[in-house]
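A short worksheet on the structure shown next.
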Amino acid sequence: MTIALSFLIPIVGALLILAASRVSDNLREGVTLATAVALAINVWSLIPELMSGGRPELQLFEILPGIDFGFQIEPLGMLFAALASGLWIVNSIYSIGYMRANKENKQTRFYVFFALSITATIGIAFSANLFTLFLFYEVLTLCTYPLVSHKGDAKTIRSARIYLGVLLTTSIGLLLPAILWTYFVAGTGDFTPGGILEGNLEGPALGLLLGLFVFGIGKAAVMPVHRWLPAAMVAPTPVSALLHAVAVVKAGVFTVIKVIVYIFGVEHLFAEPSSGWLLYAAAFTVIVASIVALKQTNIKRLLAYSTVAQLSYVVMAAAILKPLAEVGASMHIVAHAFGKITLFFAAGAIYTAAKKTEVWQLKGIGRRMPWTMAAFTIGALSMIGVPPTGGFVSKWFILAGAFESDNYVAIATIIGSTVLNAAYFLPIIFAVWFSREDPEQKLDHGEAPWPMVTALSITAALTIGLFLFNAPLIALESQIVGIVK
Amino acid sequence: MTVIFGFFLLTLLLITAVAIVQSQNLFVSVMLSGMFSLLLAVNFFLLDAADVALTEAAVGAGISTVLLLSALAITAKHEKAPSSSRVGALIIVIIATLVLIYATLGNPQFADPNAPVHQHVAPWYLDKTAEAIDIPNVVTAVLGSFRGYDTLGEVFVVFTAGIGVLFLLGTQPGPFAQSNPFKLTDPKGLRHYLIPRVVGRMLIPFILLFGLYVQFHGEYGPGGGFQAGALIAAAIILFALLEGENSALKVIPRSVLIGLIAGGALLYGVVGLFGIFLGSNFLDYSVLSSNPVKGQQMGLLIIEAGVGITVTGVLLSIFHAFAARGKF
Amino acid sequence: MTAFHSHLPVLQVIVPMLTAPLVILLNQKRLPWIVATAASLCAFAIAVTLAMSVMAGQTIQYSLGAWPAPWGIELAVDAFSALMLLVVTGASSVALLAGAQSLDKDIEHHRQPLFYAAWLLALSGLAGILVTADAFNIFVFMEISSLASYVLISGGPDKRALPAVFKYLVMGTIGATFYLIGVGLIYMMTGTLNLADMAFRIEDVADQTPILLAAGFITIGLALKAAIFPLHIWLPNAYTYAPNMVTVFLAACATKVAIYVLLRFDFFVFQPNLVGHDFQFTFFLLPLSLLAILVGSSVAIFEPKLKRLMAWSSVAQIGYITLGASLLSVSGTTASVLHIFNHSLAKGALFLVMACLGMRIAQLRIDNIAGIAQKMPWTMAAFVLAGLSLIGVPGTAGFISKWYLITASFESGAMGIALVVIILISSLMAVVYIWRIVESAYFRQPEEDLVITEAPIPLLLMTWVVVLMNVYFGFAPGVPIELATGAAELLHGQTP
Amino acid sequence: MELLGLYYYWVFAILLMIGLYAVIVKLNLIKKLIGLSLFQAAVFLLYITMGKLEGGTAPIVTDANANGLFSNPLPQVLILTAIVVGISTMALGLGIVIRIKEEYGTIEEDEIQEIDK
Amino acid sequence: MELFLDIASWILMSLGGVFVFIGGLGALRMPDLYTRMHAAGITDSIAPILIIPGLMLQAGLTLASVKLLAILVFLLLTGPTASNALASAALLAGNRSEQVKSTAVPESEE
């Protein structure tokens, strides 16, 4: 029942938003917030059952023999769902401030599709098999298109087309065959602890299938299928924040981890040498994306490339194929979500308050927007992996996993990327706080509207909180590992 | 003798066909295709297909020529010289012909009593007709009863063509009718041509009589509803040519024609439905009377009447629809 | 089984058929439509009843005139024909229920009785082909349905409908005549016209040239009627310029019925016996299907006229159907039959949407519908869902048949991988051409202010009924799968 | 006799292809329809030829010839139907041609295509 | 008697055939429409008058003879009427005989 509610709440919410928009804007936004809170409470209420080892499920119907439409909650999915639904609340607060302050049009469409995108995200998180996952994966792509193309001018539509094109092409062209192949050899696509391919598929074919999956899941943005991510930055900042720091990209890496853990089986994959390439592909992406990020001057584009790098971090962690690294990977999903959403929020706040979009414009802005820039600093530190932020915790686990398997490529990549991250974030932080303001710029702005500041403060606090109080999270994630063992 | 005659007729058929395609004058093409149909009919007669010969003559040489001529009167008399190259098509067609000829070498021998067509199914009809229906013309028996469902379909094909032409052309004069000095049928008919008019009027009753003969004699000799319908329609078309279209429409107004089209088709269908109501299958006529054989004969008579009525109505409707269009 | 029940196969045909003459006698304003719709719904009810009987395991046979087969004409309804009957009668009923206003717009009032009569004849002709078990009877009903379709298409408001329908008439007649030649040659070698009897008696003579020739003639003739690439050239214009509702009806079923006959002959009559049967499929139909899929989709991508775009997409989709059949396996044929059903649903819905748009916009071009989603939100939402089904997104009917098709391709070994790749590429092409329309309707600004409203309620309602059926059969495809599997096993000579 | 039989089939093949040639090559729509009717006539000949029986007569069974040989009635029945179908198609085709002439002012295919461009 | 009837019938039919041939030749060789029609008239009139009685002699006193007689009557009625109608139509369409007007357009196609 609770599972069903997790879908009904946002869908009904979307309809109510539509209805409420006829009455007044305030009511519409009230409904949005209420829906977000209700959804979060609903999703979070499932955690205790899960911690005690329960695996709630909801089997709806069998579409074809062997292909069900159903949901089953396991720790990894729970983590993702809880994250997405929780951050939706914060994001709603932020959106209200942003959309009003920038006087965006078609706000109702924005909120409706936002709610639908969250529905799809929850669907991805809870799905019990590859088919259901694929269904919601595509729904998410389609529901986010109106959000990305929100502005509606020619340039935006062109970028949105790249977004849609890359995601649909990879999913239909690669992911779907991979899923079909899986069903064909294993006879099922259910997510099963320990995987379903052992004994069904061996040798280089396994590596090939892994390739189809990883590149098919375009949302994970492993190079060269990362092109959509910078393109999607034409979206309004709240969209970039939630969808491209949390929902869409995390749906990608989540799916990768889920496929590795529950379809391939960590041990089965580890034993197959031909799957080793994934680690190198991910490491390559991490380094190259970081170098590209170095050269960006637009804040959002910089963040986009940073995201590409961080996502491959997760993929790489998963590809180490050791329990500790898997914990690190799922931990990094959370840590990066908190950190990156803070950064995006800050970028949006800067744009709203000062209409600044470029890095070089930020000199000395810290004095005018102390809250925003403090949060930005915390987020950036988390990206680099400096204590006391969540980023440190996840990197710690990943490193530990890498040492466990004596994987020196991974270790080198982590160290190298940390240096690179520091190289593109630290100068910004330095300039923000310690440079003089450029006198030729407009200097009459203060902080962004209060809902935005509130939201980014919350996420910054969460980033630090993740460092201090991460025990329950690790307990939850250990359950995934427990399954793996 | 028959062999020589057969060769002669077939060769003539081929020559006519080539001439039809070659001629750039459409009028000549149409007249030649009328001849073609007559030659074909003679061929059919040589092959023991009297019913088919009669129908081919009535349809190919009669109705189809009238329709084509009416259409020519409205559209064009000459074909434009073809511009595209025809060599490619010619080569393909010749190759296909050779392939077909090669393939037909495997056919069963001509008129061989041991051929499958004479062994299976057909003998049953010849035996069963006398026993179950008791009429001489086996073709009519197969057409009306054994394969009556096909014939029902055939009636509805005619029906469809009829309503199709009415739908396309309507019952109103076409957009160019007013500007037309030479209409297909002169409003006054051929009244100022004494000889054709007198002879024509004299012939009409005989044609009608012959039509009715063909209609009701179909069970005994060649003939049946379709041929009869064509003949009766021809008589009335002749009347329209002689006396003017309006006079013909006074005799049989358009509303009546629509009624005939629908009525004939319905008549056939309803006879079929009676089979169901009387506890047997659709189109089983034997239940129409207490004596199954009489029932079959009665059924055949009624359905042939239905066919005749519909065909008459459709052909006349098509003629009037064409005639109402102007020339431009 | 009641006495009445046993007459259902023939009633399926003659109810619409005998209603047609009645309809032309009616000239009150709405009466022809009411009567035609009632007859069509009645036919649909019969089809549902027949399908239920078939699913209960019966093959229903009926002897016309109480003459036993093979001398009399026999009707037989099995899983394949039951499924097709559902499609045909369903498409007709939906189009009629939805189409009163749309047809008022295209057809003048005084011509409507004739039009509806032609509609019913087309319906009964198609149904007649499906229920009969007699080769020549198929020809007769094929001609009824063809002539009636010519009439229906010629009712299009654009004058270009006329050359289009003339081309259709010429090619359709050639197709039917080829079929007739094929049947004649088989008759010459076997002496029978009953399909089952034919299949039985053909075994002795299967290797002789006339039978091979007959197979060739029948295949080419029906391929013409079914618009199988490269014999599809009549289709785009005919669909484009027909009245919108006629396109809904015919696009959903006319070509598919020809494919039905083709599959019947190639698998049921010829298959176990004919020399070169496999060769014909693997080296002839398979490449053509692939070309159809790729060429049809490519042309659709660049086509500015909406209905024409849909028509080219149909050419591609017919390619999917023949592709399934040319895999020569039970699963391939299942996919093929299933795709007939599912594509009818998807394309029917899409053409209904075209009809909705056609009620409000004169020229259906991609540029003319810029921003129309604001004015017609329900219509365009229906378009999106139906488009997803056409693409084959999971959760829609289109996915089910693609799934089967891909599974069947996998089964056929190494070549299958290539087929899967092509299927997926063409799915992506479908995404492109559907998306062009969606993008124009949703994300482009209209040239000037559109002063239009949502489509009429009945039309919109039926559009959504079909769209929701697309979704329903995407999640609960039990019935069509059962019938399709039954049909495929039947065609491959396996008893279910 | 045997040669004559073959000749019948050859004439069928040649007629069929003459008709098809006219349909493909001729641009005039009425000429196409005439070609189509030739095409169909060829099929009539095929059917009737195969129904002929050595020494048979027309299948009209009277008391006088009750024990004689008769040619096969079935192809004749089928061709009766086919002839009717042929003329129906022709009538409908001519109706369309007349409407084309009214709308376009020509019945030549290339000129129609030119107008439609 | 039998032989005599046979001979008579053959003579009649052969003569008829000769006239048909002459008519056909004339229709081909004559210079203009009216003279051609004149030639064709032979096939319409004298030929059936000879051929059909020849056939009737073959058939004897049966129903077939009555039918043949009816055919002859109809042919004799319609043939001249058709010629008359054709000539009038040609005249109306502006066709002049060469004898009447030497500058007439040569007839080739019609």
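By written order: A, B, C, D and E. Residues from 1 in each chain.
In this text, a contact is a pair of C-beta atoms (placed from the backbone, for glycine too) under 8 Å apart; a residue touches a chain by one contact, two chains touch by 3 or more.
If you're wondering where the values come from, they're calculated on a predicted model, not measured in any experiment.
Asker: Please give the intersection of the contact partners of chain B with those of chain D.
Answerer: C
Asker: Trace the shortest sequence of touching chains from chain C to chain D and report its length in steps.
Answerer: 1
Asker: What does the chain connectivity look like after leaving out chain C?
Answerer: Remove chain C in thought and the touching groups are A | B, D, E.
Asker: Using each chain's Cα centroid, which is most distant from the centroid of chain A?
Answerer: E
Asker: Hey, which pair has more contacts between C-betas, A-C or B-C?
Answerer: Counting C-beta pairs in contact, B-C comes out ahead.
Asker: Among the chains, which is located farthest from chain C on the basis of C-alpha centroids?
Answerer: If we average the C-alpha coordinates per chain, E ends up farthest from chain C.
Asker: Mind checking the centre-to-centre distance between chain A and chain E? Centres are C-alpha means, answer in whole Å.
Answerer: Averaging C-alpha atoms per chain gives centres 99 Å apart.
Asker: Using mean CA coordinates as chain centres, what's the gap between chain B and chain C in Å?
Answerer: 32
Asker: Please report how many Å separate the Cα centroid of chain B from that of chain E, as a whole number.
Answerer: Centre-to-centre distance between chain B and chain E: 28 Å.
Asker: Using mean C-alpha positions as chain centres, tell me how far chain C is from chain E in Å, no decimals.
Answerer: The mean C-alpha positions of chain C and chain E differ by 57 Å.
Asker: Send over the residues of chain A in touch with two or more other chains.
Answerer: Nothing qualifies.
Asker: Two or more other chains touching the same residue: where does that happen in chain B?
Answerer: 100, 104-105, 107-108, 115, 117-118, 121-122, 125, 147, 150, 153-154, 157, 160-161, 164, 168
Asker: Mind listing each pair of touching chains for me?
Answerer: Every touching chain pair, ordered by label, is A-C, B-C, B-D, B-E, C-D.
Asker: If we count contacts the way the header does, which residues on chain D are in touch with chain B in the complex?
Answerer: Counting only chain D, the residues touching chain B are 1-22, 24-28, 30-31, 33-35, 37-38, 41, 44-45, 48-54, 56-62, 66, 69-81, 83-92, 94-99, 101-102, 105-108, 110-111.
Asker: Residue numbers of chain B touching chain D in their complex, please.
Answerer: Its residues touching chain D are 3, 6-7, 10, 13-14, 17-18, 20-21, 26, 29-30, 33, 36-37, 40, 43-44, 47-52, 55-56, 59-60, 63-64, 67-68, 70-72, 74-76, 79-80, 82-84, 86, 89-90, 93-94, 96-97, 100-101, 104-105, 107-113, 115, 117-118, 121-122, 125-126, 129-130, 136-139, 141-143, 147, 150-151, 153-154, 157-158, 160-162, 164-165, 168-169, 174-176, 220-222, 224, 226, 318, 321-322, 325, 328.
Asker: What residues on chain C touch chain D, complex-wise?
Answerer: 136, 139-140, 143, 147, 150-151, 154, 159-160, 162-163, 165-166, 169-170, 173-174, 177, 180-181, 184-185, 187-188, 193
Asker: Along chain A, where are the residues that touch chain C in the complex?
Answerer: 60-61, 63-64, 67, 69, 131, 134-135, 138-139, 142, 146, 149, 152, 157, 160-161, 164, 168-169, 172-173, 176-177, 180-181, 183-184
Asker: Where on chain D does chain C make contact in their complex?
Answerer: 16, 20, 23, 29, 32-33, 36, 39-40, 43, 46-47, 50, 74-75, 78, 81-82, 85, 88-89, 92-93, 96-97, 99-100, 103-104, 109, 112-113, 116
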